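Below, chain A partners chain B and then partners chain C, in two separate complexes.
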Partner chain A sequence: MIRYVTRRLIQMVFLFLVFLTVTWFLLYILPGDSVALKYAGNPNIPPQAREVAMERLGLDKPVLIQFRDYMFNFFQGDLGVSFNQYPRPVVDIIAERLPRTLVLFLAALVTYYWAGFVAGKYLAWRRGNRGEMLITVSGVGLYSMFLPFFALMLIWLFSVQLGLLPLSKFLDPEQWRDAPFMANQVFMRLFWVTLAGGIAMFGASFFALRTRSRRLERGLKWGGFVLAAVWILFYWWGTESGQAMRVYAGDIGFHMILPVLTLTLIAFAGVMLLTRSSMLETLREDYILTARAKGLPEGMVRDRHAARTALLPVVTSLVLAVATVIDGGVITEAVFSWPGMGEILISSVLSEDIPVAVGAFSFIGIMALVGHFVVDVLYGLLDPRIRVTEHG
Partner chain B sequence: MTTRKLPLEVSAGRSRLLEVDGLVMRYDTEAGEVSAVENVTFSLGRGEAMGLVGESGCGKTSVALSLLRLAPDNARYQSGSILWEGVDLLELSDQKMREYRWAEISMVFQGAMNAWNPVYRVGEQIREAMDQHFDPPLNKSEKDQRVDSLFQLVGLDPALQTRYPHELSGGMRQRAVIAMALSCEPKLIIADEPTTALDVIVQAQILEELKEIQEDLGLSILYISHDMAVIAQVTETIGVMYAGKLVEFGSTREVFHRPRHPYSYLLLSSIPSVTGPRRRPVSLEGTPPNLLAPPAGCRFHPRCPWATEQCRTEEPPMMEIGPSQWAACWNSEQVPEMGEQLP
Partner chain C sequence: MTNIPPETRTEDPMVSEEISRDVDSWWKIRLALTRRSFRDNWKIFRRNKIGVLGLVIIAFWGIMAVMPTIFFATGFWSPAVYDPVTGLELDPPTRTMTMVERITDPNTEIDQRAVLLDGRIPDTLRVGDTFELPLQPAPPDGRHWLGTDPLGRDILSQLMHGARASFFLGILAAVVTVVIATTIGSMAAYFGGIVDAALMRLADLLIMIPGVAILIVIGAVFTFQLWHLAVVIGILSGFGGTAIVLKSQALAVKVKPFIDAARVAGGSARHIIFYHLIPNVMPLSVLYMMFTVTAAIQSEAILSFLGILNTDTSWGLMMNLARTQGYLLQVADFWWLTIPPGLAVTVLSAAFFLVGRGMDEIVNPRLRRR
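Here is the complex of A and B:
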């Protein structure tokens, strides 16, 4: 296992180097440059000033030198400075944007995977009743919906007509005027607190799968859920730092409802159909018949034997979903005016703010690689057939 | 349908464990009603080994699954009963039926390679069954002990129980399946093609062992196979099924040496004999009928070389032919003689 992880880590570093190189050159060969974009149309700028600007940004050096410098600095943690917000460091910009994107999209990802998996599981199990048709058709209908249009419709319905949810942005500036915290601190706190709860829940359901008593299994599942809920409630109401931040965290959460809902409605059908077909395939297997013949209760056959094995391709698709968190995010963030990574991706590429663009892309690359890695490890835990052995 | 109660028991004197009487089961499909099990009657004594043979799709697996009430959702029982020690299994509540499964009747499935869930350890899957059926529940060490002794019984190293199914060979998996089938002390094991996917040597070993276990533990076994030779080695009683119907039933010896239904006769003659007199194997022409619209009269008449007008119109009932032999054929008396005249 250790050997496998080490090998994978080395592969990841190598792959990342390739990714970064390709990204850097792709962005470099974009026609024009940041300085030209800014000053070309302005006749009052003397050519000397333009040259000074080029020199200051390092754009006058040969391309390979620029590339070498960038790579050296990158691995020392220096991603350069933004051309547009000179001299603000890129790391600073990303540190500001990343938590917002991460919190929003991880929340959406977890919600729609969970909803899709549960829906797919029941669809396959209760095959052929009337509800199945309704859920499948509406799910597929939503799945084929154009996201910006659908998002606008939901905004129109919930924010404009019903006035229940905020229109856009991630917080309400009036509430935050005298806030003693930066929004990002709250985001990070939200992230860690929820992650801790999520890990508790995941751990409990992992152990639940390993018990053979139905009652203990159910107990562990609900126990994990309650534990996570208690922890989250305790944190925001019971601890001092939690109490102080609660109002602001609540405001952010309130702003997240609509984007998460939109993404979930659009994306859950994909997971649902995948789970459904995978589960239908599993249900035809002899070991399901064996499980029934053994006199196991139906719920146990469904959850422990059918759904457990049907989970495998769903986990694989999670890899792809990690990437869509970012690219689907570009559009979603734009519609909801959510100032996250997606927004700087577009603006930096359009204005040829190359350090910011490369920096943002490199984070997407890192997230995709880490996602792959996590899924590989998870898969090994879930499927003994591909578990890595020492000699493998 | 009929009130006539055929005893159809070969092992007379032994107490009856299972009595299937006039079982009619149909599958509802989009194309129509498939008559999968048609008026099947037989009984099985305690400690008896019985075989059901027939081509694929003749309804033998449907009968087997009915005994556990595991037939697919579109199966409908139209009449008949399955009495297990006097209790009609078709009348039981789902909950009650669940308690009967594995504790009373267990099963070794067709293609037992896939009978294991790939993501759990073999021992775990056996313990899972034991967790359901012992009252009071077994504690951990009792279960461990049981699994160990079951593994020894079927000739496996108990250490193998911590392996995953894919880590075992085909023969090991099959032996472990038998251990699992024995785990809750059932009275009857249904062995549906128990050795089909194995090589001939392992096949013979496993059949031998299964027979020994059956005799030692006083179990009943219902073998289901398309292979008459396999069935003949290990059973006392044999039932031949064709197109959803039981066409011949009797002691294995009688049926094997003097088949009285043309179908059994042709099925047997299609196996070349190594030791007996030299003769050409006879081939059984045609395919089983479409059960959406089974032929009128005897269901075998389109393929039967001796079919008469009566066979085309009138359905033959099960008729007693000898002390322990029944056949559903109008001309059963002449079957062996007619067979001699075949080219």
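Here is the complex of A and C:
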């Protein structure tokens, strides 16, 4: 396992280098003069100043030297300087944006995967001809819903008509006017607390699958849920720092509902349909018949015998889902003006802020790579058949 | 052959007769076989209501895409008014308004209402006067069945032309994908070794990269035309996910005895790949064509919604116009600006997906109802 993980890590680094190289050349080289135009094409700037600016940005050097410098600097944590927000380093912008995106993606990913799996499981179990077509059609309809349109309808319904939820952005500036924290501090805290709760839940349900007694399993599952809930409540109400941040964290959470709901509803149908068909295939296996013949309770056959096997293709699809969630996230961020990585990618690309665009895109690539890696390791843990051996 | 269900395995007497009549011309046999498999598959497909529903929707949009040509040719629509790009309704419906009160911004001392309406209110108006204000995003009426957009162009005409663009894009992207993916997949499966490893690592990389993000980046570098986008999507998906799926199918075909037979008979690698492997992978690749169409339509709509694509008419562009002109959130008042294009994208891409699912049962016999 360790060897497999190291090999995958080396592969990841290599893939990332390829990815970064391609991105850099694509963005730095092809637009030709646009960098110069952006910066020094302004007729009000005298040629000398233009030359100085070009020199300071390193744009006068040969391409390969520029590339070499960029790569060296990249791994020292220097991604250059933004053109639009001039003296501000790109790293700074990304450090500001990344937590916001991570929180949004993680919340959406967890919600929709869980909801989709559970819904698919029950749908397959209660397979009837009535309503089946309706479910498939509405599932496919949701899945291929045009995201900006769907987001728009949700915004219109919940914010404009009902006035329940905020229109866009990630916080309410009025409330934050004399906040003693930076928004990102709250974000990071929110991220870690939720992650800890999520891990508790995941761990409990993981052990629940390993137990033999059904009662213990159920206990563990609910126990994990309750534990996570208690932990979150305790943190925000019990501890001092939690109490101080509670209001602000609540505000961010409030703004997060609609984007997460959009992402969840769109992606959820895909997981549901996949789980359903994978479950239907599993239900045809002989061991399901055996389990039934043994007189095991229905819930046990469904959850322990069928759903566990049916989970595997669904987890495989997580590999693809990582890319889908990032894609969906980029669009969702654009529609909701959620100031995360996707939004900065689009705005920097549209305004030809090349260093920021390369930085944002490479970090989106890193997110995809890491997500992919986590899913692969998870898959190895779940499926004993592909567990990697020492000489594999 | 285990994957033919019992009811289709029975020899069709008519076809056998057809075949035995002209044994000497191989293409007739091929044709008869193709016809028979098409008929059988259609029978299976028809049983699945989901696929048929998708097909009906696609047919509907297909008709929509052809309509403007007929309308323009018969003179029902005059290009000056109904052209999706340059058309202009010169005589829009007007709303009669009465001046109630002039509002002046105390800070700037500019007449606010005059500014808001592009100064279309003459200065001579006094309180109590009535005047006619032309409505430019006009609601549906007899002349414009779906109303007009803020620039005075017919929405229905744009919708129809958008359908045409979507079909063109989706089908081109799907064809590019399938041509690349079948070739790549079959080659990787047939040669194995280093070819396989290289091609599959490339596919792994492409699968991981979020497609919309990379299209945004590429769109920033090149000025994208519609067909550029189609080719790029085709390449990304052809070298990526689709190639992996088709390769695994090709691997399953490769171990069949007839491949060995072909090799023993002296078939070259090219011959075996193009005459034996690819035809057997084809059904699955047609299935993936449908999914590529869905993805292509969605990507196009998103890119033009964000204003990155360089096209004349598309559904995403219609939403983009509504967005940039500020009508996006006024869904109740200006529904014809956002709902038709948004629904169109959703419905057409869902239709291709539904057809794909219907075809899934043909290609993947394990799913068939027993």
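In the analysis below, the second predicted complex is superposed on the first by the 373 of 392 C-alpha atoms of A that agree within 3 Å, B and C clash if a C-alpha of one lies under 4 Å from a C-alpha of the other, contacts with A are read in each partner's own complex, and residues count from 1 in each chain.
What we mean here is this: a residue touches a chain if its C-beta (ideal position, glycine included) is under 8 Å from a C-beta of that chain, and two chains touch if they have at least 3 such contacts.
The structure presented is a predicted model; accordingly, all values stated were derived computationally and were not measured.
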#### Entry: Partner chain(s) touched by A:285 [first = chain B, second = chain C, both, neither]
first
### Query
Of the partners chain B and chain C, which touch A:295 in the superposed model: first, second, both, neither?
first
### Message
If we overlay the two complexes on their shared chain A, which of chain B and chain C does A:19 touch? Say first, second, both or neither.
### Response
second
### Query
Is A:308 touching the first partner chain B, the second partner chain C, both, or neither of them?
first
### Task
State whether chain B or chain C is in contact with more residues of chain A in the superposed arrangement.
C
## Note on the structure
The answer for chain B against chain A in the complex is residues 68, 70, 98-103, 106-107, 109-112, 114-119, 121, 124, 127-129, 131-133, 164, 166, 180
### Query
Touching chain A in the complex: which residues of chain C?
49-50, 53, 204-205, 207-214, 216-222, 241, 294, 298, 301-302, 305-308, 319, 328-329, 331-332, 338, 341-343, 345-347, 349-350, 353-354, 357, 366-367
## Note on the structure
The chain A residues in contact with chain B across the complex are 212-213, 285-287, 289-297, 305, 308-309, 382-385
### Task
Can you check the complex and tell me which residues of chain A touch chain C?
15, 18-19, 23, 26-27, 30-31, 133, 136-137, 140-141, 143-150, 152-153, 155-156, 160-161, 167, 277, 280-281, 319-320, 322-324, 326-327, 330-331, 334, 342, 345-346, 349-350, 352, 357, 361, 364-365, 368-369, 372
